[in-house]
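Before we start, here is the structure in question, set down as structure tokens.
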């Protein structure tokens, strides 16, 4: 039994980590931190966890607690203040913020708008997408957990770009459920604003743009240019990213099918399907990928639950790899379907 | 053409007043106030009004503008600071807050938690439910516009209680769309909280409780005791109040049908129907009432759009009466249906 | 490892049984029947089950398969044609339809509108609400799984009525997510009809009315009269039943709190809470109960996921008891929370 | 006062025509046909129209009724059987189906899958998009009312393609509310299927693809190739089409702004905005267009209410032009905003 800490346990990804880990056979939540809620029972704020965990929020991980690995679920900018301390103490860490996803510091500072204060660990951080970086994750001390939109776009794009068939920029139309925006109320997330609407935002400016370009570029070995337009849709959980691109010459559907089958047939958590469905994967760590060729144009879809495969579930998948556990442990549960 | 002012034009009821009045043939929005947005074009904050009004928000009604009537769409407590000034200047006013709905000052202070500073005008305020107070509204200088839940409950309850058939307390199960809670973001109105839930709140403590008791008591001449439980439902516009009560002895459906027909057959904005439907009335000033007898028990329904018949539409209906205009002017539009 | 059959596996409750059992350590889905889909892979119709079950739908349970227990998830009227066969072959059965919930045959025939053809087994059927019939369920060959609304109302009502404090009829305002109506498309379940509405239906006529009256009466030993009004709300999963009633004399909140604590403190799947929340229990077998006293009136709430504690999860809970397994096996998972 | 007939009055577009025309000062609904509902009061099926129209559905337009113009709101294929009769009798017609949108008969037959039986009138039909075909509509006897998706894509695309700046195929990511799919229940429109999902469908196969290509090509004088992927989103009314394209060389935002301002500054029903909002236009005949340049790539948005500017409102706008009335009559109403 391994001891786990969750730093920043009040937010949605922290709560989702606790929910998932409560079903995990080989780890124990030893500490959950929250500055504002220190001293409160976790289950008093997250009543779904009543009966599953008795711990209280603490300001930081108590000295009396030995943890093997921490999840850092704090906002961008805060994580890189905390990670060096864990690294020094030899505690493995998975960062759910964006702080360690872009190895290029200048790129980070351009898109995040502040200095990166931990270049040393940044260099060694591994991008936590097991389907493409499994071996590195197993050996990593620090994993940068991918963004939710990024995961939903990289899964359909990487095998394709790697094939060398595509040409020119890729257009990604992201559509996310509202839990992706976090637990803090805002005008955009106010039900009367978003409950019967579809709202594009951060057009061309979303920070997952360089993340997708970098990772797809790294996996495929090809420069990749992306125009990414996220949209808020009135569902709580779920993302579908619809990715448009062109081929250098006409490519048939069979060719696409073969590419994706090769990439994902042996992956437990990624299905290549004809008709992607958010309901099939919601509340699970499964993702779906689909594609449709149309002459020299084509479209590919990536579908997942933004809080699970798009955040906390993927982080647990990485944790399993880092701790030498079965990769699917605690995550083997079907999507809701209905 | 009459000149109208809207005090507190930034919120949902203020915006809805402007939307409705933009379709009114006989009045002109001469001023719209907002402390925080003074100087901004109304249509820059409420883009649906582009092409319908050119005015800018002002801090207060400019001296250069003569208004015949003002709508006061400020929060509870703020309205009673403003109304005396309008009364003194001989400007008719319709208050959309709760400040003038309860004539019993002690009752007001108990439920609203602060002193009432304008007892004088309170005494003369008329409750703005035209179906029951039409003649008084015509002569009123100050109208207290009814609460949204209150309207949805009084319409089905008043004819019934007046009949003398009911006995004992009435249970009102209110279900409201989220726009009823106003435009300020909060944890409860955050889409991930309420988007797939039904949330009871203020159980037994909602301020429309004494309003319903008072008005039903006044209309029926009978003491009325209500237990009111509001629920937030994930729709933007619309209320359905399901009202449960007992009869002193068994009452047949025909008797109920006759009672309601008598009350509402000549009312343009209230329909007595078999199957109440929020969609039939949404975006309109129409309300629906329905009932079902079950031995000595029964249930009655009231359905309306909380921002129209539940707030701004009803206020315009009162305005028409106060200004000697056709009661339906600017309001003659069917519900969306779909 | 026990072998399980699911009769009528195409519908929502059948699919949900398969989803839950795929996470169960001690049972194996040996057969899943569907007349219309015989020969198709289950996962081709229910893609969330891909990777979790390889079986195909069959017309009936193949002779070559030995099953220890069957879930019958067919419509009312069909179940009672099938149950006698299972009983004869010594196969335990849990019926998810309404066919074995009312022991009074005349009552069944009045509310269901057709003859009951299996009075013999009806007599021995046990009502599958473990919190009140645990010991009988353990010994039962045939369990009638409770209705979703019925469970959500009986849990808050039974301890209360049993106390002898209540008086007169009980009004139950039920609000259910749309999955409760099953998978067949209809005008009422068509998204443009119900997506932004709250729709009362079957007013005073819903078949869970006699079920609630019978079971609350049986548990409490008191005649119980209910007026039940179900409403469709635009959420997929979840029920909240708001139950209104009167006391013979004033009862304080502490008294209510004590009653419910006594009833549920030792129950893993039922929580007595201050603020009931559908999101806290959705996708789980947990239910919540809450209450609020208001003089001689009061309200109690029951909250659950209609497909889990309201149907398939509760059935699995019964199965565990009938097969001598740990009652929580396969069901120990928190609600989603978000 | 002109007399109007609505052929196929039961469906959503027929009902919406009746709703809009009930607010029109210069026309009268003289007949509304429905085979299945002949003899029933329109307001018994569409209760929102109670108080606005007294007519009954008839099988066809009664001989005793003289109509100046008919709206044909029947399915594709049925309209072209009816139109010749109206043309012969000298009755102007607006067809809301797809039967007269594609002048190229082979293209029609390829995408609609059946023969076109009225090539003669097809030749003379005018595409009913007033912003681009106003003068022709004024003189037309037969207008083909545009598709909802098509309108939402042509408005942002036509000015741009006409400018000669774009290059290569255009990708259109359409997101539509569920009312766009019509009133017949289906598995995809079943609330538990679509209520918390975003569902791509008819990928590359939707019939608005050739409509967009043809009309944008006609307006711009340039061959246009489109890959169109519609998605169903869980809102009732509203479309947003996000259109991705490339420029031959980098184009700045100012250039785009100038293009759209020129195209739409004088159009009452089309606004060029910074942040498109479905809620700003819902329930109105207004549309919004927005754009964002990103180097050699760009994105443009079109937003409207699929039942109004996307169908029945636009048809009334055409009717006004065809009958010599003020173009905005009956349509001058702001979107709901909230």
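As written, the chains take the letters A, B, C and D, and residue 1 is the first residue of each chain.
Please note the rule applied: a residue touches a chain if its C-beta (ideal position, glycine included) is under 8 Å from a C-beta of that chain, and two chains touch if they have at least 3 such contacts.
On a predicted model such as this, the values are computed, not experimentally measured, just so you know.
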Open item on the list: Among all chains, whose Cα centre is located farthest from the one for subunit A?
Closed with: B
Open item on the list: Roughly how far is subunit C from subunit D, centre to centre by C-alpha average, rounded to an integer in Å?
Closed with: 46
Open item on the list: What's the distance between the Cα centroids of subunit A and subunit D, rounded to whole Å?
Closed with: 39
Open item on the list: Can you work out the whole-Å distance between the CA centroids of subunit B and subunit D?
Closed with: 36
- [ ] Identify all positions of subunit A at which a residue touches two or more other chains, and write them in rising order.
- [x] 12, 177, 179, 183, 192, 196, 234-237, 277, 279, 338
Task: Chain contact topology (line, ring, star, complete or other) - done: complete
Task: List of subunit A residues in touch with subunit C within their complex - done: 12, 15-16, 19, 22-23, 46-52, 179, 183, 196, 236-237, 268, 271, 273, 277, 279-281, 283-284, 286, 288, 307, 332-338
Open item on the list: Quick check on the complex: what are the subunit C residues that touch subunit D?
Closed with: 12, 177-179, 183, 185-187, 189-192, 194-196, 234-236
- [ ] Please give the residue numbers of subunit D that touch subunit A in the complex, ascending.
- [x] 168-169, 171, 173, 175, 177, 192-193, 196-200, 203-204, 225, 227, 229, 231, 233-238, 240, 242, 244, 246, 276-279, 282, 292, 294, 296-299, 301, 338
